[in-house]
Every structure is written in C-alpha cells, then in structure tokens.
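Presented below is the structure to which this report refers.
Chain IDs A, B and C follow the sequence of writing; residue 1 opens each chain.
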Amino acid sequence: MALLELRDISKRFGGLQALARVSLEVEDGVIASLIGPNGAGKTTLFNTLTGLYQPDDGQIRFQDRSLMGMKPDKITSAGISRTFQNIRLFSHMTVLDNVLVGMHSRVHTGLPEILLRTREFHKREKEALHRAMELIELTGLTGREGEWAHQLSYGEQRRLELARALAAAPKLLLLDEPTAGMNFTEAQSLVALLRELMGRYVQAILLIEHNMRVVMGVSHRVHVLDYGEKIAEGDPDEIRRDPRVIEAYLGSGAWAKHAQS
Amino acid sequence: MAAFGLLTYIAASCWLAFIFPQSVLAFLLVEASFLLLCYVPAPPKVKLFLGALVLLVLLPSLGAINGYYLEIAIQIGIYVALALGLNIVVGFVGLLNLGFVAFFAIGAYLWAIFGSPQANEFIAGGFFPLSPNWFFPFLLLSIAVGALTGALLGLPVLRLRGDYLAIVTLGFAEVVRAVFNNLDKPINFTNGPKGISPITKPPLFFKPWLEFFGWEFSDATLYPMYFYFLVLLVVFMIIIVTRRLEDSRIGRAWKAIREDEMAAAAMGVPVVRMKLLGFAVGASFASAVGVLFAAKQVFINPESFTFMESIGVLAMVILGGMGSIPGAILGAAGVTILNLQLLKGLSLWLNGLRQSGTILTLPLLGSYPLSELPVQFEPAKYERMIFGLILILMMIFRPQGILPPRRDQKR
Amino acid sequence: MELALEILPQVLLDGLVLGFMYALIALGYTMVYGVLEFINFAHSEIFVLGAFVGVEVLLWLQDAGHLAVLHPGFVLLLVIVAGMAISGLAAMALERVAYRPLRGSPRLVALISAIGASFFLQDGLRLFESLWRNTFYLNYPTLDVLDQTLPLASNLVVPVKSLLVIATALLSLAGLHFFVNRTRVGAAIRAVAQDPETASLMGIPVNRVIALTFFVGGAMGGLAGVLFGLHYSLVNPYSGFAPGIKAFTAAVLGGIGNIPGAMLGGMVLGLLEAFAGSYLSILTDGAFGAEYKDVFAFVVLIAILIFRPKGLLGETVREGRA
C-alpha cells in the first residue's frame, strides 16, 4: 500500500498552470525523487502537499486518509514534514528552539500545565529536550545548540532544517533541494545521512533535487515533472534512458553530463 | 565586590532620598539602582535579594515620607504590566497592536461600572456600588473578559497582513473609546464623557490584623501603600506567567510565527490558534491592570484611554527591546519616569524661572527675560514628541531595543 | 420622513465636500503605498501642516495689512500654493530622514517609525506655535468672498467655500490624473510602483521617483489641509488624526495603490459620513446620533479589511512580497 498517493492534482496561478493532473505514489520504505527543470512545479507540489496551497482539483491521500482541505499544522501532525528550498529557519531563535518548534505537534502540554509547571510538564519538556539533542547530534550540530540560527554557516543551516523537520516525527519527509549549495563531500555525507534515516526516523523520503549524482545514487524511484505535468516515472536507470526526460532537459548541460556518468 | 558596591550605592541613594524627600534627583538615583541591578555582574541571588530589599522595604519606607514616590511607583507598575502584555503580542507573536489600550479600558470600565453607583442606572434594585469585597473577584473576572475580547477581536482580523492588522486594532480601540464616550444614552451605561466616580477601592482586609498588633493607620495613609503592593503583586504574577509561557511550546510557537509564519505552519504550529492565544493573554493582562487602575483613580473617563496611551506603551516595549521581559520593564519604567518626573520637573523649573523673572544672558546672543517665555511652552505636555522620538530613533538606530532578548543559556 | 427628504440636498453637499477632502488626503496614502508598500502614518500631519501654513500665510497678510487690499483670488492662490509646496517638501524631508534609512527593513519597522514621525510632528507643530504665537489653536482669518452663499433652492444653500473646495479638488485631481498617466515622470512613478528593481535596471532613478511621489502626495495633502482650514476655520496640531484615518480608510476602500480608487473611496466615505451624521439620529429615533459618525468610518474600515481587503477597485500593489 502506498504511504502517499496523489491523484490528478492541478493548481493554477492566474494564467499559469503550475500543476496539471499530477499523480504519484510514494511507497513505504522508499526514497523517491522529484526532478524536472526550473519552474516545472516541484516546489508547488510540495506546497500543495503540505497545505500551504489548496489544489484546484485532485485527491491527496496519506496512509489512506484524505489530506484535502487540511491546514498545514494538521498535515504535519498527520506525519508529513518538510524542509524549504530557500532555507526558512527561525533566525532569532536558538538552534535548540528551532528543533523544539518542530516538535510542536508532538508535545501536548496545555496551558494549565505550562502555567502551573506540573510534573507532567517537566517530564514532557525533558523528553522533548532529550529528543531534540538526539536530532542535533544526528545532524552534527552538537555544541551549537545555544547559538542563534542565523549565526550558523550555510551547510549547518541546511542540516538544522533537516533536524527541525525530523523533530516533527514525520512518516514521510519532504526535502526541497537538500544539497543545494553543498560541495561533493558534503552532498555525499548528506546522502549517507538520508539512508541512515530510513526506517529509523522516517518511513519514506521524497526529495526535490537538481544534483543528478545524488538523485541517481539515492533514489529507488524517480518522478519527472515538466511544465506542471508528470512526464515520466521509474527507477533511475529507466529515467536515464527515457527519451521524454532527455527531451525535457535538452540544452541543460548538467543533465547531459550526469545522465551519462 | 560588585555586590558590595551595589549595596553601597543603594544605601547612599536611599539615604539621599530620605534627607531630601522633595528632590526629584534623589529619587531618580534610587530608581537607577534597578538599572545597576540589571547591568552590574553579581550573583543572581544577591541581585534578587537587593531587588527585593529595594522594592519591599526601602521604596515603601521612602513612600511613607513622601507619598509622591509611591504614586510614581504605582504608575510605573501599571505601565510595566501593560508593556509586558503588549510585549507578548508585539514582541513574541510579532503582531503590531495599535489599540492595546482598549483592553485596559475594558477592564477599567468593568470595575468602574459595577464598583460605583453607575450600574444602578440600568440595573434596578440599588445593589451598587458593590462592596469592596467584590474587587478581587472582579480582578479575576477581568482576566476572563480581557481574554475573551482579545480573542473576539483577533478572530476576524488575525488573517490580515501585518500593517492592516495594525490599523484595524487602532480602529477597534477608537470604536471602544467612542462607545464608552457615547453610551450615556439611550441607556446610561458609561456616563459618557463625564466619566464615572466614585469607584470603590479594594477591601482593607488586613486592617484588623494591623490593629491586632496595635498599629493604627488612617485609610488615607494605608491606601497608597496598599495599591503599591497590589500593583507589585500583579506585576510579579504577570512576569511569572510571561516567563512560563515564553519557556514552553507556546512561547516557542509564538516566536516561530514572528520569525516566519509559513515555516511555523509547516512545522506543525497552529498559527491562527496561537496568534489568538497571544492576543488573549496580552489583553487579559491589560484588562486586569485596568481594574486596578480604576480602583486607584476613583474616577475614570474615556480620556484616559486614547490612542496616545497605546502608542506610549508601544514606545516602552520598543525602547526596552521587543520580545524581552527585562526590556519591557526597563522601557516602561524609563518612559514613565521621563514623562512623570523629568518633563514635569522641567515644566515646574521653567515656571519658577518665569515667575522669578530671571534674565537669561547668552554670550553673543544677548539677553532674554524668561518671564517672556510663552506660557504655552510646557515640557510636560510634550509626551507625544517623546514617544515619537523614541519610536523613530529606535527603529533607525537600534531596532532590537536597549535590552534585547538574550540567547537562552539553558542546559 | 419629510425632514429626511428636506435636508437631503444639504447632506449631499456636505458629503461631497468631505469626500473631496478625504480623496485628496487619500492620494498621499495610496501613492506612497503604491511605490513602497508602506503606510505613511505621518501623512495626516503633512495634511495638518498644510492647514497651518495656510493660516500663517493669511495671518501674515492680515498683520501686514495686505489681506483687505489684495484680490481674494490672488490671496487664495498664494495660500494654496504655499500650503502645497511646504507640505510637499516636508513629506520629502520626512521620507529622507525617517523612512529611507529603513528601506528593506520589515514592513512593521517602517510603520512604527512612521507612527513616531506622526507623533513627533504633532508636538513639533505645537511647540513651534506655542513659542511663536503662545497658542496652538489657530483661527483662519475671514475672507469675505468665502462667507457668501448661493441660495440654489429653498433647501439648498451653497456656501462659496464649499464650491471652492469642490472646484479646487476637481481641478487638482484632474491635474494629478494627467500627471500620472500622461507624462514621462508619471510613467516613471507607475514603473516603480510595478517593480522597483526592474525600474532601476531600466535606468529610472528610483530614489528620486520615490521622493517625487512623496512630494506629490504631500502637496495633495497640504492642499487638503488649506481647504480644510478655509472651510472649517479652526485648526490645531492634532486635527489630522481623524481625517487621516478616514482618508486611509478611503484609500483602502478604493483599493490601496489605486489612484482612481482613492478618489472613489474618498467620495464614498465622505457621503457615508455625512449621511451617518445626519440620519443616524433620525433612523434610530434619537438613540444614536451624529457622535457616532467617526466610529462609522472605523466600522467601514474594519468591515472592508475583513470582507474585501482588496477594495472596491482592486489593489494595484505588486504581489509576492511578504
């Protein structure tokens, strides 16, 4: 059974058809990639999936529940969390607090408990803190937890976004260009980290990525968007050979180089 | 070492204030001890002890000599409470509320109407004014009423863009004031611009205890002291509540919304609900202080709740540092002292010069008889200019405020 | 009911006068919002400044004994030009000092600075007049021409000053329309409003265009101030708050950033207010009267922002900026 199932999702912005009847499934235990030229609608698809946009048409089902019309926070509670293409951390909050915000939907302390500082409150805060520190360690940010998010380097900020997304304890993790701006070794270690997450922290990952080496190296399944339409789907080998994909990317040197490598 | 220095300073300034009970300057020096407590490095326990010493013992003793000191301290306390409330909305959640004074007004009118004969105008039976014993239940009630009105206002407007939200809150406050101003007909609820008085004061429940120990005080001497400690207690409670909220998932969610609303939503923060909560908490503080204000003033009318008051509180929060509890306290104290003491002092001084007919002689510029200084020129009347300058200068040169929120060094 | 019909023409006339005044002030809000996406909260003080310049010029003419000798048309022209010029320059200076250093900061930072500027200017005017005249409530000297009336019908007496307001406002609104839509400079303003970055790439001096926008908006506000003073006579440094908020409401009502929208919004709001002021008491049998007319504007503002935030004619503000 598919963890996530999109059927015929369409989204228009004025005259622009950002998504046209896109269908895709993400199976349990799978790392899937979403690729396509700039402006193909990849991030729009993420925004639609996470409730920031409402699709004009179509169906989104997650673990056999419809997500249609749900607010972003409810979707996060349901088990989907994400990172952003242009890093969107809470700049004037500490690294630790950034991760703790990610846990908002998982820590259920109410107003009375918070005001009265009940034992329950302390217990839950301690658990949350413990988990946050674990995620900070996992993403290699140990020692930086007291710093403000905007003080981190670019690579660290990307990893903090990952830690924050993981804090929501998602079943499905959506990553929007996680290796953007990273060099080869950094990208490799991120790929290793993603593999490590599977099964232990998340059940499936869907990532938008431009670095074809990463896509081809890590994905079990690749979905290709072009002008808001899904033009291909398959395992990395099939995608590499798909004439429509090559057509869509024609002129994009990066693709030609990576496709042959 | 630093602790000893602090103690010496406090002792010296209080001694000065005892010797010169009429001196504004001496009292300012006493107030400055809090600033030192903020900045001088000393063990937190020592600071806490010294702070408590000044607030609980020295200031009240000074107040017993010169009641004006207590009056100033009470005013500062009221503004500190308001600034802490607005700080939640503006500093934590990042929503500009330009009509904060409306909630203060609602609390004040709540007690003013029922704690005075006013309510007899529309409720038959002559039950009013309520006895002083109702004061504390009304203080609690005002928290609920404030939270409710805050949420009711928030519900429709919180989806608006930031600057539109600001203007709508301004409009809301003006509507509230206009309603209080005009609801003397068709049924007289608020007595209109003439205002309401006399408003019942809180109960002197401890008087028998004092008499038991053989201490006899007249009510007139007891009340200022009583209000001082009441305000202190309320401010203390507000600080505790604010700190607990700040250091919890709610406070973190607020700040996340302030930093990036969309990212906060994507991280599972229910944005609208959290904004509503912030509005409601801030409003409940203001409303509770309003009850206190009404009881202290004995008389209130809509003039006390103008747009200028909202901006004044905003200036306090911004001066101190948005999102910072010590900042809000410092800002409120600083601006109140400036308005109540420095500007008034300057006005009195100028008046003195006018009357004494002093001639100001400036080198090269010639001489100018100060008796000709226009009487309309009164520094005490230029609160708006002060607020305005604070807002512009802080935004341009130090938007984070004097005491910006510090990074949490926990764990 | 007869009473209601009887006063209708007079109410309409009052509404028109108010409406034109609001429209003139609203232009300043809407033009600045168009280019900077920011509420110039101190615009109401630019308006009041115009009123004070007007009264100072008239008092100066009076003291010098010119007021009785000069042609009233010339006097009016002089007062209006002075009010427009000084208000326009003040708006430019304000932009330079209090807003330009904050460009690129979050929206609310600039708004807070603007509120500060508004308060500062109110007391600044008060300080100046207190030192200069030892009073800050000033009365416009009477001009005989303005106090005449034209009885058009038994129930409609048109004061010349109302005609003056309407005619001047119409003329300047038409002039502004021509300036923005038919001149090169106007095209530059529109380009910056559409997209400042592209405009700057196309060689448009964005800073100068923004300064010019403030000047034009300020001058319109100053004109409104002079007309306000001529029409209602009494001015004080705090007279700007209520008209300012109402004009802002008018700008939002018409769709912020939208110049014809500001004119329409101003008219609608002016008429609404005049009707509320005259009919509220009749409709509610005296329970609620004219004292609620100020509240009316706020209720309209809140309702518009909640139910139709893009205004009657739609916003012409660019999308996409948070």
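Definition applied: a residue touches a chain if its C-beta (ideal position, glycine included) is under 8 Å from a C-beta of that chain, and two chains touch if they have at least 3 such contacts.
Computed from a predicted model, the values in this text were never measured in an experiment.
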Quiz item: Are the chains other than subunit B still all joined, and if not, how do they split up?
Solution: A | C
Quiz item: Which chain has its Cα centroid closest to the overall Cα centroid?
Solution: B
Exercise. Could you work out which chain's C-alpha centre is the most distant one from the centre of subunit A?
Key: C
Quiz item: Whole-Å distance, subunit A centre to subunit B centre, using C-alpha means?
Solution: 46
Self-check item: Inter-chain centre distance, subunit B versus subunit C - centres from mean C-alpha coordinates, in Å
Solution: 34
Practice problem: Report the inter-chain centroid distance for subunit A and subunit C in whole angstrom, where each centroid is the mean of the CA atoms. | Solution: 50
Quiz item: Residue numbers in subunit B touching 2 or more other chains?
Solution: none
Exercise. Return the residues of subunit C touching two or more other chains; collapse runs of consecutive numbers into ranges.
Key: none
Self-check item: Residues on subunit B engaged by subunit C in the complex (per definition of touch)
Solution: 94, 96, 98, 156-157, 160-164, 166-168, 170-172, 174-175, 178-179, 181-182, 185-186, 307-308, 311, 314-315, 318, 374-377, 381-385, 387-393, 395-396, 399
Quiz item: For subunit A, which residues are in contact with subunit B within the complex?
Solution: 50-52, 71-73, 76-77, 81-82, 84, 88-94, 96-97, 100-107, 109, 111, 114-115, 117, 121, 125, 128-129, 145-148, 164-165, 167-168
Quiz item: Mind pulling up the subunit C residues that touch subunit B in the complex?
Solution: 38-39, 98, 101-102, 105, 107-113, 115-124, 126-127, 129-131, 133-136, 241, 245, 248, 252, 286-288, 291-292, 294-295, 298-299, 301-302, 305-306, 309
Practice problem: State the interface residues of subunit B toward subunit A in the complex, per the touch definition above. | Solution: 241, 244-245, 248-250, 252-253, 255-256, 259-260, 262-271, 277, 323, 405, 407-411
